[in-house]
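Take a look at these structures.
Presented sequentially are two complexes of chain A, the first with chain B as partner and the second with chain C.
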Partner chain A sequence: MYRYDAIDKDFVADRAAEFREQVARRMAGEITEDQFKPIRLMNGLYLQLHAYMLRIAIPYGTLNSAKLRRLAHIARTYDKGYGHFTTRTNLQLHWIKLKDAPQILDELAEVGMHAMQTSGNCIRNVTADPYAGAAADELDDPRVWAELIRQWSTVHPEFSFLPRKFKIAVTAAAKDRTALRIYDIGLHLRHGREGEPGFEVRVGGGLGRTPHLSPTIREFLPARHLLSYLEAILRVYNRHGRRDNIWKARIKILVASLGAEEFARQVEEEWAKSNPARIDAPEAEVARIRASFAAQLETLPPRSEAVEALMAADPSFARFVKHNTHPHKQPGYAIVDVSLKVPGQTPGDMTDVQMETAADLAERYSQDEIRVNYTQNLILPHVKLDDLPEVWRALDAAGLATPNIDLVSDIIACPGLDYCALANARAIPVAQHIAERFADPARAEAVGELKIKISGCINACGHHHVGHIGILGVDKKGEEFYQITLGGSGEDDAALGSMLGPALPANKVAEAVEQMVEVYLRQRKEGERFLDTFRRTGVAPFKEAVYADAH
Partner chain B sequence: MPTLIKAQGGGMVLANDAFTHVADDQDLPPGDVIISLARFQAEGDRLLSQGRSVGVRLEAGEEVEALAYDLPRISVVALAFPKFRDGRQYSNARLLRERYAYKGEVRAVGEVLREQAQHMLRCGIDAFEPADGSAPAHWEHATRRFRHVYQRAADDREPAFAERGV
Partner chain C sequence: MRALTGSRLADGEAVFWNAGRWVERFAQAELFDDVAAAEAAEADAKAQLTIVVDPYLIDVVESGEGWVPLSYRERVRALGPTNHPQHGKQAEGGADIEALAQASGAARSTGRLSLIKRK
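Presenting the complex of A and B:
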């Protein structure tokens, strides 16, 4: 993976030193909380319901063992011994003291980490395909481009005070695993006629109050012009995005109001007037970054006798292999998904000890790499098949081997009203109650792929609009209610969900999910997932089942 | 009279302000003035013909393109920051320097805090009226905080990829 050189190290150290001074000014009363707020937000520090929350950046979700061990150490020393991985592949610590924040940033800087731009109206942490560098279907390693964007966007002098936050995703595989179309900018790498790399550029996706899937504004942008073209998009947005209404300030509103074609025209016009040669990174820099991501993979037989034998002998291992491993581009290797979705526990939470276990396994068995997926799970991207039994045993012993990737209990949930100052309702207990009903792995397996996504408010951090089943918490006169949507999807078959019916009280949600699953199991045709059945039948049978009592 | 800090010789100095900010409903005093875009469009020719130096204040929603043909005659472009978090003027500043090669003074006015020092300087703003009581030393400190930068802007700092010289 990319390793910080002296310049990158100086940069995060300088930023940590700056923040230390700013906190000192705040604690000495030289600046007010109002003046301090944008400063702390730019460093990932939020004031939540119970304490400060620190959101630590994990650029394109890539970690190594040293970084993950440091996160474990920070969670143990300065928080309550656990952290929460988010849908933006960051780590949140929910019980931080302001006085400790500078020290934490110093300790992060030592391992090339920071909390820069994890909040505020700036370009946030860049997302890339979590299987990057390992996926059998990838054309290129998207992290090369994501790292280029990370550097370019860091403390950008023009684009640090945008109308609203700004998120970019990059994928370079046939299949999208980033939820690309819900991003402000989604970059999908393709090859041009001569085999040269370029990007399909999508702009204006987003969830929240007004969900939009992004339209394409350019079919093919030569990859070498990535940064200058991004700069043109950001400039049009910085100048013309709305600033009078926080709910209309995201770029999706600008793109929707101008129309994709007119927005594209403005970007092209701006780009044509710019001087790309000053902005674009030289080929040698791209090559330098690319070299840092090259994994050292061995030539191995495509089949492992050890794996075959254990699969035959142990159905739990067979189930793990079936659901939590994916084909690797290199024969003899597998991508291993580490589930942070134990039924009954908080989705995305991980203890310090579990982090250390995952770090040890990555160091020993996965080229020292760990990934964070936006689905709030981790990934060991380069595991030799022969090592799989050992890795599984170690994960299982640490409570990290729940065989439920993409199944009904692999639920995305935001922190909700248990932590978040913005939330209207709790999300975590809803996820727990649903997952508990499908805790039997055989039952979850029989239901198959079913993506449930829960948000505790309309800001949609839990991506409910694009859940096969989406659940949105709302407040009705002080009581928690939940609106259900069906048929959404964030990836290749991206779609926004449609409403099931009136909002349900908290104690009815898990039951409703179970009723809808029963409808699916009755109605499904050969090979259909929940989503396929829903798209064929429409909402009627599901609605009928959930609201039968009300008739 | 507000404090005026200017970037000079790689540092920051306290400067005397020869210009008077004049609101649209105020009578024009003698001497050098900074006036609104609308007033400049109405009265600019006359004022310039009197031999005064004239500066133009652009509000955050006003675009530098409106001044494109007048820039050679304008001594100061004052970019107004209505709020710390309103970043439109950073684009105006870069366009002034990089697209229109404007050589006069670009001044930040409004809610101008030392936290923005590096951003402003890098976008080509070279004069500042701070609203937080900060002194030149604070601005100098803030602009020297980062030993490296990651992108080219309107200043002459070279980005990390050029420093690496790969």
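Presenting the complex of A and C:
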């Protein structure tokens, strides 16, 4: 993976030292909370219901064993022995003390980590395909471009005070695994007619109060011009974004109000005025970054007798292989999904001991690489098939081998009102109750692909708008209620969900999901997923099942 | 009836006002039936810049077992996260914790009187 050079190291260490001084001044009363708050937020430190929360950046979701071990150490030493992986592939620690925060940032800096740009109206952590460098359907390694964007956007003076926060996703495979269309900018790498790399550029996606899926503003941007074109987009946004109204400040509102065509025209005009040679990265720099991501993969037979034998002997292993492994571009390897979705437990939570187990496995079996997926699971991207039985046993012993990737119990849930100062309702217990109903792996498997996404408020950190079943917590007459949407997707068939009906009380949500699953199982045709059946039948049969009692 | 709450600067712990001091358990919070007294305490608390962050008044109501915060959000603050019962104040147990955990109904997502007023 990419390693910091001396400049990066000094910068991150200096920033941690600066924060130590700022915290001391705040504790001594030399600066007020109003003065301090923007400073702590620039360093990822929020104040929530029970304690401070530190959101640690994991650039494009890529970790190595040293970094994950350090996160485990911090979780054990300064928190309550666990962390929460988020839909932005960051790690949140929910029990942090202000007085410990400078020490934590120092310890993160030692392994090339920080919490910068995980808050505020700046370019946030860049997202990339979590299977990058491993996926069989990949045209290029998107991390090369994500790292370039990270370097360009880190404390970029022109883009540190945007109208609102700004998120960029990059994918370079046929299949989108980033939820590209809900990003402010979504970059999808393709090959041009001569085989040269370029990006389809989408702008203006986002969820929250006004969800939008991004339109394409340029079909093909030569990859070498990525940074100058991004700068042109950001300049148009910085100039015209609605700073007067926080609910209209995201770029999605600007793109929607101008129309994609007019927005694209303005970007092209801005780009034409710029000097791309000044901004675009030199080829040598791109090559240097690219070299840092090259995995050392061996030539292996495409089939492993050890895997085949254990699959035949142990149905649990067979189920794990079916749901938690994906094809690797190199024969003889697999991509292994590590589920953080044990039914009944908190989606995305991982203990310090589990982090160390995953770090050990990555170091020994996966080229020292671990990825964080926005679905709140981890990935070991480069596991030899022959090592798969051993990796599975170790994951299983650590409670990390639930065979449920993309199934009904693989639920996205934000921290919700159990932790978050913005939430209206809890999200985690709703996820727990639903997953418990589908805890039997055979039942979950029979239901097939079903993506449930839960948010505790309209800010939509749980991506509810793009869930096959989306669940939004609301405060209705002083009680926790939940609005259900159906038919959303964040993937290649992206769509925003449509409302099922009136909001349900908390104790009816899991039951309603079960009722909707029953409708699907009754109505599905050969090969249909839940989403396909819903799109064919429409909302009526689902609505009838859930609200039958009310008639 | 009202109580005064905030987050302790050093560690973010939810704390409650009692006669000029900050206590961690809601059961030990001072309850105000006099609006002027509550607002005077809030003003005093806001002057304690190095002790507490963002103090605010919340509504409390009588439940079967005693006084509890009206808002669900404030009850979560006074107890801890419901997904980890071993974390937060609830881990200490006791009759007062039990009363908070049993309280239901009449919840507002925010217990902040000032915000409610603004709406």
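Just so it is clear, the second predicted complex is superposed on the first by the 551 of 551 C-alpha atoms of A that agree within 3 Å, B and C clash if a C-alpha of one lies under 4 Å from a C-alpha of the other, contacts with A are read in each partner's own complex, and residues count from 1 in each chain.
The rule is short, and it goes like this: a residue touches a chain if its C-beta (ideal position, glycine included) is under 8 Å from a C-beta of that chain, and two chains touch if they have at least 3 such contacts.
Just so it is clear, the structure is predicted and the values come from calculations on it, not from any experiment.
S.K.: On the A-aligned overlay, A:278 touches which partner chain: chain B = first, chain C = second, or both, or neither?
M.R.: The first partner, chain B, only.
S.K.: Could you look at A:7 and tell me whether it touches chain B, chain C, both or neither (first, second, both, neither)?
M.R.: A:7 contacts chain B only, not chain C.
S.K.: With the two structures laid over each other on chain A, which partner does A:158 touch: chain B (first), chain C (second), both, or neither?
M.R.: First partner only, chain B.
S.K.: Per the contact definition in the header, classify A:333: touching chain B only (first), chain C only (second), both, or neither.
M.R.: In the superposed model, A:333 contacts neither chain B nor chain C.
S.K.: Kindly classify A:17 by the partners it touches after superposition: chain B alone (first), chain C alone (second), both, or neither?
M.R.: first
S.K.: In the superposed arrangement, which partner chain does A:80 touch: chain B (first), chain C (second), both, or neither?
M.R.: Only chain C is touched by A:80; chain B is not.
S.K.: Given the touch rule stated above, what does A:365 touch, chain B (first), chain C (second), both, or neither?
M.R.: In the superposition, A:365 touches no partner, neither chain B nor chain C.
S.K.: Touching A:199, do we find chain B (first), chain C (second), both, or neither?
M.R.: A:199 sits against neither chain B nor chain C.
S.K.: Is A:520 touching the first partner chain B, the second partner chain C, both, or neither of them?
M.R.: Neither: A:520 stays clear of chain B and chain C.
S.K.: Looking at chain A, which of its residues have contacts with both chain B and chain C?
M.R.: In chain A, no position sits in both the chain B and chain C interfaces.
S.K.: Which residues of chain B touch chain A in their complex?
M.R.: So the residues of chain B in touch with chain A come to 60, 63, 84-88, 90-91, 94, 98-99, 113, 115, 118-120, 122-123, 132, 145-153, 160-161, 163-164, 166.
S.K.: Looking at the complex, which residues from chain A come into contact with chain C?
M.R.: 26-29, 32-33, 47-52, 80, 94-99, 346, 417-419, 423-426, 428-429, 432, 475, 478-480
S.K.: Help me check something: in the complex, which residues belonging to chain C touch chain A?
M.R.: Chain C residues touching chain A: 7, 9-14, 49-50, 53-54, 72-73, 76-77, 80-84, 87-88, 105-109.
S.K.: Can you name the residues of chain A that touch chain B in the complex?
M.R.: 5, 7-8, 10-11, 14-15, 17-18, 22, 31, 35, 38-39, 121, 151-162, 227, 235, 238-239, 243, 273, 275, 278-279, 281-282, 284-285, 287-288
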